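Labels for the chains are A, B, C and D, by order of writing; each one numbers its residues from 1.
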Amino acid sequence: MLNIGLLGAGRIGITHAKAVQALPNAKIAKVFDPIDAAAENAIALTGATRASVDDIMADDNIHAVIIATPTDLHADQIELAARAGKAIFCEKPVDLDAGRVRDCLKVVEETGVVLMVGFNRRFDPSFARLRAEIDNGSVGDVEMVQITSRDPSAPPVDYIKRSGGLFRDMMIHDLDMARFLLGEEIVSVYATGAVLTDPAIKATGDVDSAAATLRTKSGRMAVITNSRRATYGYDQRIEVHGSKGLVEAGNHRTTSVTVANGSGYTAEPLMDFFMSRYADAYRIELTTFCDVVAGKTSNYPSGTDGLKALLLADAALESLASGKEVAIG
Amino acid sequence: MLNIGLLGAGRIGITHAKAVQALPNAKIAKVFDPIDAAAENAIALTGATRASVDDIMADDNIHAVIIATPTDLHADQIELAARAGKAIFCEKPVDLDAGRVRDCLKVVEETGVVLMVGFNRRFDPSFARLRAEIDNGSVGDVEMVQITSRDPSAPPVDYIKRSGGLFRDMMIHDLDMARFLLGEEIVSVYATGAVLTDPAIKATGDVDSAAATLRTKSGRMAVITNSRRATYGYDQRIEVHGSKGLVEAGNHRTTSVTVANGSGYTAEPLMDFFMSRYADAYRIELTTFCDVVAGKTSNYPSGTDGLKALLLADAALESLASGKEVAIG
Amino acid sequence: MLNIGLLGAGRIGITHAKAVQALPNAKIAKVFDPIDAAAENAIALTGATRASVDDIMADDNIHAVIIATPTDLHADQIELAARAGKAIFCEKPVDLDAGRVRDCLKVVEETGVVLMVGFNRRFDPSFARLRAEIDNGSVGDVEMVQITSRDPSAPPVDYIKRSGGLFRDMMIHDLDMARFLLGEEIVSVYATGAVLTDPAIKATGDVDSAAATLRTKSGRMAVITNSRRATYGYDQRIEVHGSKGLVEAGNHRTTSVTVANGSGYTAEPLMDFFMSRYADAYRIELTTFCDVVAGKTSNYPSGTDGLKALLLADAALESLASGKEVAIG
Amino acid sequence: MLNIGLLGAGRIGITHAKAVQALPNAKIAKVFDPIDAAAENAIALTGATRASVDDIMADDNIHAVIIATPTDLHADQIELAARAGKAIFCEKPVDLDAGRVRDCLKVVEETGVVLMVGFNRRFDPSFARLRAEIDNGSVGDVEMVQITSRDPSAPPVDYIKRSGGLFRDMMIHDLDMARFLLGEEIVSVYATGAVLTDPAIKATGDVDSAAATLRTKSGRMAVITNSRRATYGYDQRIEVHGSKGLVEAGNHRTTSVTVANGSGYTAEPLMDFFMSRYADAYRIELTTFCDVVAGKTSNYPSGTDGLKALLLADAALESLASGKEVAIG
């Protein structure tokens, strides 16, 4: 039985806890959350006991931690857990500052523990199959990846202020996905953006609509388009064009119902919440983490993947400001 | 150059004339229509000369006729043309009375001329490809054919009175299609129906909604559903299920546009007019007729096909009245 | 807390147990299954205790039972539970013999307990939305229901021998769905069928391919097509045509991925197992049962619904034999 | 009757001639082509007489010309026709050199004749409807246009050498479409590209795969992706995202047939030839030109539209070389 300490029992922490509880060989054993109601909710769900971070780190019976606390605590808690020899699952990002991430990853490397970063979309069955089709040669050599990623609506402006903005909190998923699918490291980034949906976002210095173009050394390209608003639901599509053909993942709906009349054929809007759209992905993600800890697979998004996606987001921001392609280290 | 005499220059006659004029080796040489405006329209379009039926039949320079006159003239004109040695394309049906059709076909047989009946849907590229897929083994042995055929709106009640009703003027296309796709002759028919869309149709003794089930000797089945009204356009779909799989032909639209918003994703209604939905079919049908006359193909809906479809329609009517399967032949 | 006794801990019993365990106010308290491994599996999952049927019936602390035992035990166990005052969820069918069902329902009626029959498809989100669209007037007056229902492959011949055959074990779901969607009671049934997929089925006296046409008093129709085999997955589609338009539920896939190359655009086969295709339906079904017991809803498939579907299946069998429409009730 | 002189009777000239001949009030009266077979083909089709360019320009009975000659003759012939007072339809581009285009447009402006440039895609029913939906407010304020445009296969390398390359011969259609749909002039262009499909293209200095990002003053964006090769057909899709929703035009196929089996559901590849994919567009384009000449509409792609698209293509080339956004105008 893999005993896991849960750090942070908010919405996403609870999602992970449920995924763990459904597994036969893992359980949430201890829960940390400074908010009583959150901790108690997690305890009711899992039968875990409440604990402090220090207690969790000191407990030799805890083999792994799930870090689902606010972003600014991630790096410190990763270091604590690494030094305590725990396997670590951490929600993205490790930190908004690339330097801090680098320092943190050094500690992880020294301690040799597993650090898996929460790029949940890699585990979505549709997107995972894109990668499988690439790996099995369906599309030949990858040439261009097109990612359309539009949120139903913008998060609160307060969140945007501390999230690092569209490139670091939203496009970062797409940047990781581009890396996941391109099959080569990205060498340059161009990005542009604008505030088109909500003037309040302008005041934060962020954009709400953006487009980015990435290139690899051999000339493979990825094009990402983002918007903070899509009236028709959560628009999440990917196309991978290669020398032999195309593989694409379309959007998801709750039902397969269409109504037809004189106005036409109307299918329902898309699923409109990331936690329902990616419900399978979250579940498979934690299952994979437990498999990683059990040594069953070594295929997972690492701390380095987290750092590289952040560096791409930083490059996109720099390109937005300069109007130039930015070379990646 | 194949010289064709056009009998009847109404809407469908003009459609056929245009198809002929687009061919390099055929032309409409003479036109018969008692209505001056109709005849003149056809003449302006084709450069043909106006003529009587007798004149067309007597003209050795006319090799073929297209019969697009009212239904009650078809059988007589087929016999005239057959005796004059002309190849014949005749709009369906040959006649509403199966006995009259049999007599007419006897004359055709005696004279040895080509008689092609206007089951235009066999030439629709989508439906023709269903047949091609069956012929090339894509679905294995055919097991069940499902035909959905719904008109945008009912014809005038006056038309229904003299058309022979839903089974003889509308389902007859589907009955022919079932024969075309089943790969075996039909041995029994069950049909039911009701008046659901327009009480005025009830007064004619006809139905406006119907379902029929056909069986072949080995147990292959076809299910046909019809309605005189579909608010969302002209609904024309076919599925062929076989031992190895399914081949299906979906509906057609004028554009590929979808509008998405909070109400969902809306595609435009279906094409809503049989002459636009089957525009390609009508063109290919006449091209095929000219190829038949030129000896390039012998694959076409014959007078016997017309008779068999009519017998199935008659059986469906009998079944509607009796509530029993009706054996064929 | 609603305490439930589970009778039968096979595959479907476990599915129901999981659905119950996910609810905050209900739990499986006792489990009956004569097979040790099955009972122990259910106990490990739920924390319930093992018990005999008598013990469950005698336990005043058990408020409801889920009957997921072999079909021939259903009616007896329903009567026992009814007399013990338990709310009852019973897998379909109540019994294969309509007379036995009638007797059983009499007991249920006398005792006044809830009896919900497991027509799980009514709870599928897509099919439930068909009904909701009908109820909210989207399609106007219902005119024709078209149900396509094809299994990926036939069950073992041994199962077919004791299941009552295609009409009673497979089409019965579609017959209930037709009743659910037509909005009027069915007054006549026509059915035909054949053995097309597997000669071994012929020896059982059953068919493996069938088509049925149902009519209501006002002339509404339903057409059902069934096959025991579909190479491309579990084909489950419904169309409801009405005076104002059409509402249809399409098939479901696991991913939204398409691969395109010179051979065309290929989407994956359909979900091919009823327990995954209807996973949501099973979960919602049991949630609804608990809501029914809690008095939150009285909208559920009753014992009478179970009887009526069985009577339609019997009528279909009679029609298959006679080649005639069979009047109901 | 509008008498038209056709300059150039190659494939595209013949397409235009057929469109004109189908109109009741226009005809090709004279044909110029130095190649006898081409000219004779056009004459057989139209009944026109053969003539020199000078003869056509001098003929007062010729009201308009269609210029479908090689690109390097366009500008001279436009000037001749303008000075002769003819309305002009000219295939794109007016010239590959923006300076030459400007000089030519000055002559057109001085003479006041109509000059319509052959951006045929504006007349495609699906793309025209995108514009109509924007104009009727369906999507609110336009925010982002996404254009996917992939050819089935690259033209011969010899053609690429003199065509001006991917940006000037292929993306130019998409650049015009972006202008057509954005509703604001473009102020900056970023483009990148690579040779991924055929090394022979590299030798020409051109690319075969490209991505471009365009911006308008208010921040609206367009993203264009191009490839010279698509194994699955001619991929032509457009999405227009706005404040109220999305309108998109999908791909087109010849039939609506799908084959389903254990490998999945396969729809046929896309139409794979621009002249069939855009057959309607070519026809409507020439109809519109005749309407423009007849004063029925003043809505058409002008010489200035041709110049602006060329300037965008030039800017894309400059951006490809510099790695920077290039400001327009």
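In the analysis below, contacts are C-beta pairs under 8 Å (C-beta built on N, C-alpha and C of every residue); 3 or more make two chains touch, one makes a residue touch a chain.
As the structure is a computational prediction, the values presented were derived from the model and not from experiment.
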Most remote chain, CA-based centroid, reference being subunit A: B
B-D compared against B-C, more contacting pairs: B-C
Length of the line joining the C-alpha centres of subunit C and subunit D, rounded to whole Å: 57
Approximate Å spacing (C-alpha centroids) for the pair subunit B, subunit C: 42
Touching two or more other chains - residue numbers and ranges from subunit B: 231-232, 244-246, 260-262
Footprint of subunit B on subunit A - complex, ascending: 231-232, 260-269
Residue ranges of subunit C touching subunit A (in the complex, touch as defined): 125-126, 129-130, 133, 138-139, 244-252, 254-262
Subunit A partner contacts - residues on subunit D that touch it in the complex: 141, 143-144, 146, 148, 150, 188, 190, 192-197, 209, 211, 213, 215, 218-221, 223, 225, 227, 229-232, 235, 239, 241, 243-246, 323-325
